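Everything on this sheet refers to the single structure shown next.
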Amino acid sequence: MAARETTVNVLLVLLLPAVALTALFIGEAFYITLATRIAILALAAVGLNIALGLGGLVSFGHAAFFGLGGYVAGVLATHAFNMEPVALGLPGTTDMPVIWLAAILLCGLVALPIGLVSLRTSGVYFIMITLAFAQMIYYFAISWPAYGGEDGLSLSMRNGFPGLNTARPFPYFIVVFVLLLAGLFLFHRLQASRFGAALEAARQNPARLAATGISPFAIRLVAFVLSAMITGLAGALFADLNRFVSPSMLSWHMSGELIVLIILGGKSRLFGPLAGAALYVLFEYALGGLTERWQLFLGLVLLAVVFFARGGLIGLLAGRPRHG
Amino acid sequence: MSLLVLEEIETFYGASQALFGVSLAVGEGEVVALMGRNGMGKTTTIRSILGLTPARAGRIAFGGKTVTALLPHRIARLGIGLVPEGRRCFANLTVEENLLASARRGAWTLAKVVDLFPRLGERLGQYADTLSGGEQQMLAIGRALMTNPKLLILDEATEGLAPVIRQDIWAAIRRLKAGGQSILVVDKTLSELLPLTDRCCVLEKGRTVFSGPPPVFTRDLQDRYLGV
Amino acid sequence: EPVKIGVITTLSGGGAGLGVDMRDAFQLAIKQSGNSEIELVVEDDAQKPELAVQIAEKMIQSDKVDLMTGIIWSNLAMAVVPNAVAQDVIYLSPNAGPSALAGANCHPNYFNVAYQNDNFHEAMGEYDNKDYKKTFILAPNYPAGKDALTGFKRYYKGELAGEVYTQVGQTDYAAEIAEIRASGADSVYFFLPGGMGIAFMKQYAQSGVAIPVTGPGFSFSQDVLPAIGDAALGVKNSGTWAKDLDNPANKAFVEAFQKEYNRLPSIYAAQSWDTANLILSAIGKASVKDKDAFRAALKEADFASVRGKFKFNTNNHPIQDIYVTEVVKEGDVLTNKIIATAFTDHGDAYADKCSM
Amino acid sequence: MSLALLIEQFLNGLQLGVMLFLIAAGLTLIFGVMGLINLAHGSLYMVGAFACAAVAAATGSFWLGLVASLAAAAAAGALMEVAIIRRLYARDHLDQVLATFALILIFSEGTRWLFGSFPLYLDIPPLLQGAVALPGGGQYPLYRLAIIGVGVLVAIGLYLLIGRTRLGMRIRAGESDREMIAALGIDIRSLYTIVFAFGAALAGLAGALVGALQSVQVGMGEPALILAFVVIVIGGIGSIKGALIGAILVGLVDTMGRFLLPKALALMMPATQAGPVGAALASMLIYIVMALILAFRPSGLFSARA
Amino acid sequence: MAERVLEVKDLEKSFGALKATNGASLDLRPGEIHALIGPNGAGKSTLINQISGALAPDAGSIRFLGTDITMLDTARRARMGLARTFQISSLAQEFSALRNVMLAVQARQGTSLRFFRPVMRDASLTEPAMRMLSRVGLAGRANVPAAALSHGERRQLEIAVALAMEPKAFLLDEPMAGMGPEGSKALTGFLHGLRQEAPILLVEHDMDAVFALADRVSVLVYGRIIATGSVSEIRNDPEVRRAYLGEPA
């Protein structure tokens, strides 16, 4: 079974570059964009999956980090453009690595207090308190006029990466894809590591974990912050993909969508987020072109996944997860 | 006539087989002890009787009616009261509610259960998950009695009880037996169990390997199957 | 040579009514023109900015559309338009005119065939000067809401009894209505789009407060009037169009729309109809492949607008008359009737910031 | 600002709270007591509103519409339970999330298919039109008073049903250990179908009653859903009393925040800024309150098990 | 090393009107098995929970290895060397038996913030864990998820996890419960030897085991220790007989 999962995973990884390369070859740039979109949403979900899949922390507020990451990209680029300092005399930038770092750091910094408070609760209370924090940020963003409020913020062009022309779809896809691979690798090692073991135990039985001498709170907090950082990075990439950020990236719909991607693909499975994002985006795209009732059919497809693909898409393709 | 009959049942947890052919019978008014080492399939047998983990092969009949394919609540309604392994009290119900929720008319009433376990009487308004382990065990027994079953199934019902209480329970079981109650019991205290049972049924690796009255279940056999 | 037009609009979810009207009118106009060289690509944005962006990319990169149109909401327009026009696609707005795109960020590829967002509010502010001295204004707390009240105040000269910003998506207005009652206002002006406006009007009528209400046409247009019901009767509101506007183009439009779809057209349908006819007129004059020529042809605005007079300002936004209409009942159907003209040949406040 | 206005706003907050409770009532039953995460609760609310509006328009009677809303929502609920939800009790909560999320999409588009894209008309019944005079000179709409009445009745009814009846015990027992209650001879499957349909009917009732005050349109259920969850969680899952008090707290905080915050800020900053900033803060307020409450009482104000 | 490994003084804990612990004091000396017996609901588990840190006492103090640990959280106490088992098995259900034990090994090593090295390929975790499983006789079930173990096997696993912590004191809450006759016998022998490694506070209703093992016995009734003494003293204490032991079996 393990071998089968590996095969499925390899195929999944190859899928995106294969699509992108084919698209490049036949001159259908849009499919590169679509693949990029899948990769970014997958990365965001990989981040959430650390908290949700491994730690059982169903954060209904990860859009906050996704959106914050996006706004970091948007705000820094805007300031680089109009040459006004962002804050404390720091200039804006259009340099992707700097933006990423800033997004990761900011999301970590914001996730820390949110985690400190939220992790006092558990279960549905955790779901709702994370939602509460995200909603606060959302309403703030809607009504704060400086960066466009509800109308959002347009980037006049995509931020740059040294040595690459990111304005073109393919090089940007490569950048995103490499980051996705890095995210997946991180998740993979994390899951198998001592930290991962402690985190999964904290989900299954926190009292047991504490009784062996590991504080579930500390483990969860680290996981939550890490998770927010990765999702934030994905947010920055998403802003660059769309050359646009708006509060809708911060909305609870977005949080819900990230959760749905994970469940769709297979919770706590390494490639669940990628499979889920691919399926979701493809259906959204394909059905949207076919009929104006596409949401109805999307609903039916999701129901079918719940019933016929236990353990999500990966569960369907690769069988039950390995327990060790 | 036998109240409960199991014929060569086989049961699986998903793909892994736990029972490979268990046969067993409990007659009206009979007390039968189901025995075996840890992990040999006692609990699984009980789960199969109640349809919680339905048997995939073999036949189970209760009161002359084949129940192998029935849903658990239908089987239970035919008159089986279960004291499950691990207590499984309803955590978010009070003691009183636990007792009343599934009660059926008959000789056992709230008053009589409280009489049997005065400790529960003191804690009627307390939520079950805050009870001590032993109190939960008493509650599980009381809850099964309140369904006024034809057949009482006790899966390690004396686990975690203080010696005095345990003696009370054994006394109660003796009284029940005297009153004609049929009982299927899993318990590790052979010294209490053997004098009381009409028949012993021993499982090993998911198979019935011995069945007979206590006198035939010699020290030798006990040692062989239970490691006493 | 066929012309490909990408229509991104809202066809699902709560805001779908507007998008459906928009699309229906557009398709009808193209059909009636008999021009078989025009190919439409219609997609649903589900009122999500990110999805709209994705569809726009697809239309530009994959479908290779020549023109784009269809977006109903300002925030979606802000997501799509700057990028689309930067890729040398011409975008025509059939609704929504955020101020950001009218001023410094105006673009030769961006044509607004509807209005600049402030227009309706400016008109009502101007008109309210006539009857009222102390008005109470409210709008949702987001950019369009603030723009609305700014627009109103730009022309309104009386005193303000109160200025309240409500929550986006709010459904209960008891608190605001109580404040209005206590404010001593002689009138109320509100901008609450979609369901918010319906809820406000119903609750306002139920509250028994007798202070007259005025609003922008969106809150009393044909798509929402049936839902508000008689509570809307007699309310004055501003608009660039009403179905009784007396010109041949409008008569033909209303009749054709009613015949085809068996319902009255809304202002979104009217604006969309104009957008389609503007495009048709330009196609007759120039090839879409020749962008400069085509832009010039569009700018001439040589088409029969259902709004009567129509021409483009320097920033490619309309210069048009803005009317005040009143909700009336025709038979048992609620609709709007023009009672006054608030502005003639009105442009917008941002045109001089546009360096085009 | 007069005292009378302050009192009226207080009443408005109270009333909004009871209205929120009404919206949350069905969810308390299905989610709080049965333990099922039903994101489609908002959709059932919408079904109720649409059924009421459609039947009221066809027959001219709000009351027939109300009956229709109960029937339609209960039927939709029962169907949903038998066809879908029933298979999910034993599964992970997250599977329930995915399935009921899918149901939201299906319900929304299905409703649009049936009723078209435009909001429907639904007005309050003539019997309940008009206002009553409050002591102190104010006026209060009769219909809103009626909603308070219905909300309180539903609260009492649910409280008794869940806390005092055998049926309530069994539902709660099912939530704690479904297999065990079945093993004790209770037909928990049918019981859950009935209770689910009942919860759905409550959602439908709320949709009809509240729908008459709002816009009956596709998508009306989602904000209602979020607020309902907020209310239940603040109050403590499984507690009817908690849900009622949580709802009233949210109603009061929201109303008073909207009313007072801009005024308070105006004392500190220019009026042009105070309005928007105050409104922004007001819209965050219920979430701030929820976060604060959960930070200090991680399982709500009145967790069913204190 | 202090003369007393664990020292509980005047502990009090109320649940509403119920005083579950009512001024209990007791200690644990190096190398001993100290049995804590008493009627159901007397407060034994509550006491264990307070010592392990799962519950905060209302009053009183707990010292461990000379340090006051009353205010420390569970994990800190566990790291100091206090290992407990649960009366009702409490394991990571999805993890195999082996991984459950490995968790304890990792906790003892204090290395849970390592993010990269896969645990299953880490002999410094798997080997000690495997050893512990063998000691309790579960080696053959190492790869079975805890959820699929039988009740008795789970009880054994609880002990293996405690062992893996290499603690300075054991708090065992009814380890015999759920073990069959053979299991109880084996476990009794095992605990007999275990006291050399660390002293044991043993809560147990199985009197055969208690009388065979205990160096000292304390009797808890209504949250109060009513007697402490040797096995024979306790056995013959009339008060204890009445409240707890009942008629001689």
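Observations on the structure shown:
Going in written order, the chains are labelled A, B, C, D and E, and every chain counts its residues from 1.
Note that in this section a contact is a pair of C-beta atoms (placed from the backbone, for glycine too) under 8 Å apart; a residue touches a chain by one contact, two chains touch by 3 or more.
Bear in mind that the values here come from a model prediction, so they are computed numbers and not experimental data.
With contact taken as defined at the outset, chain C and chain D are each touched by A.
Between chain A and chain B, the least number of touching-chain steps is 2.
Simply put, of A-C and B-D, more C-beta pairs touch at A-C.
Summarising the inter-chain layout, the chain whose CA centre lies farthest from the centre of chain D is E. We define each chain's centre as the mean of its Cα atoms; on that basis chain A and chain D are separated by 31 Å.
Averaged C-alpha coordinates give centres for chain C and chain E that are 73 Å from one another. Chain geometry summary: the mean Cα position of chain B and that of chain E are 28 Å apart. Annotation for chain B: no residues touch 2 or more other chains. Residue positions of chain D touching 2 or more other chains: 108-109, 276, 279-280, 283. Touching two or more other chains at once are residues 139, 142-143, 145, 293, 295 of chain A. Looking at which chains touch one another, you get A-C, A-D, A-E, B-D, B-E, C-D. Those residues of chain D that touch chain C in the complex are listed here as 1-2, 4-5, 8-9, 12-13, 15-16, 19, 108-109, 112, 116-121, 123-124, 129-131, 139, 141, 143-144, 212-220, 223, 255, 258-259, 262, 271, 275-276, 278-280, 282-283.
For chain A in complex with chain D, the residues that touch the partner chain are 58, 117-118, 120-122, 124-125, 128-129, 131-133, 135-136, 139-140, 142-145, 252, 256, 259-260, 263-264, 267, 293, 295-296, 298-303, 305-307, 310.
For chain B in complex with chain E, the residues that touch the partner chain are 13, 16, 36-40, 43, 85-87, 119, 123, 130-135, 137-138, 156, 159-167, 188, 190-192, 226-228. Across the complex, chain D meets chain A through its residues 31, 37, 84, 87-88, 91-95, 97-99, 101-106, 108-110, 113, 226, 229-230, 233, 237, 276-277, 279-280, 283-284, 287-288, 290-291, 294-295, 298-300.
For chain E in complex with chain A, the touching residues are 52-54, 73-76, 78-79, 83-84, 86, 90-96, 98-99, 102-104, 106-108, 110-120, 122, 125, 143, 145, 161, 165.
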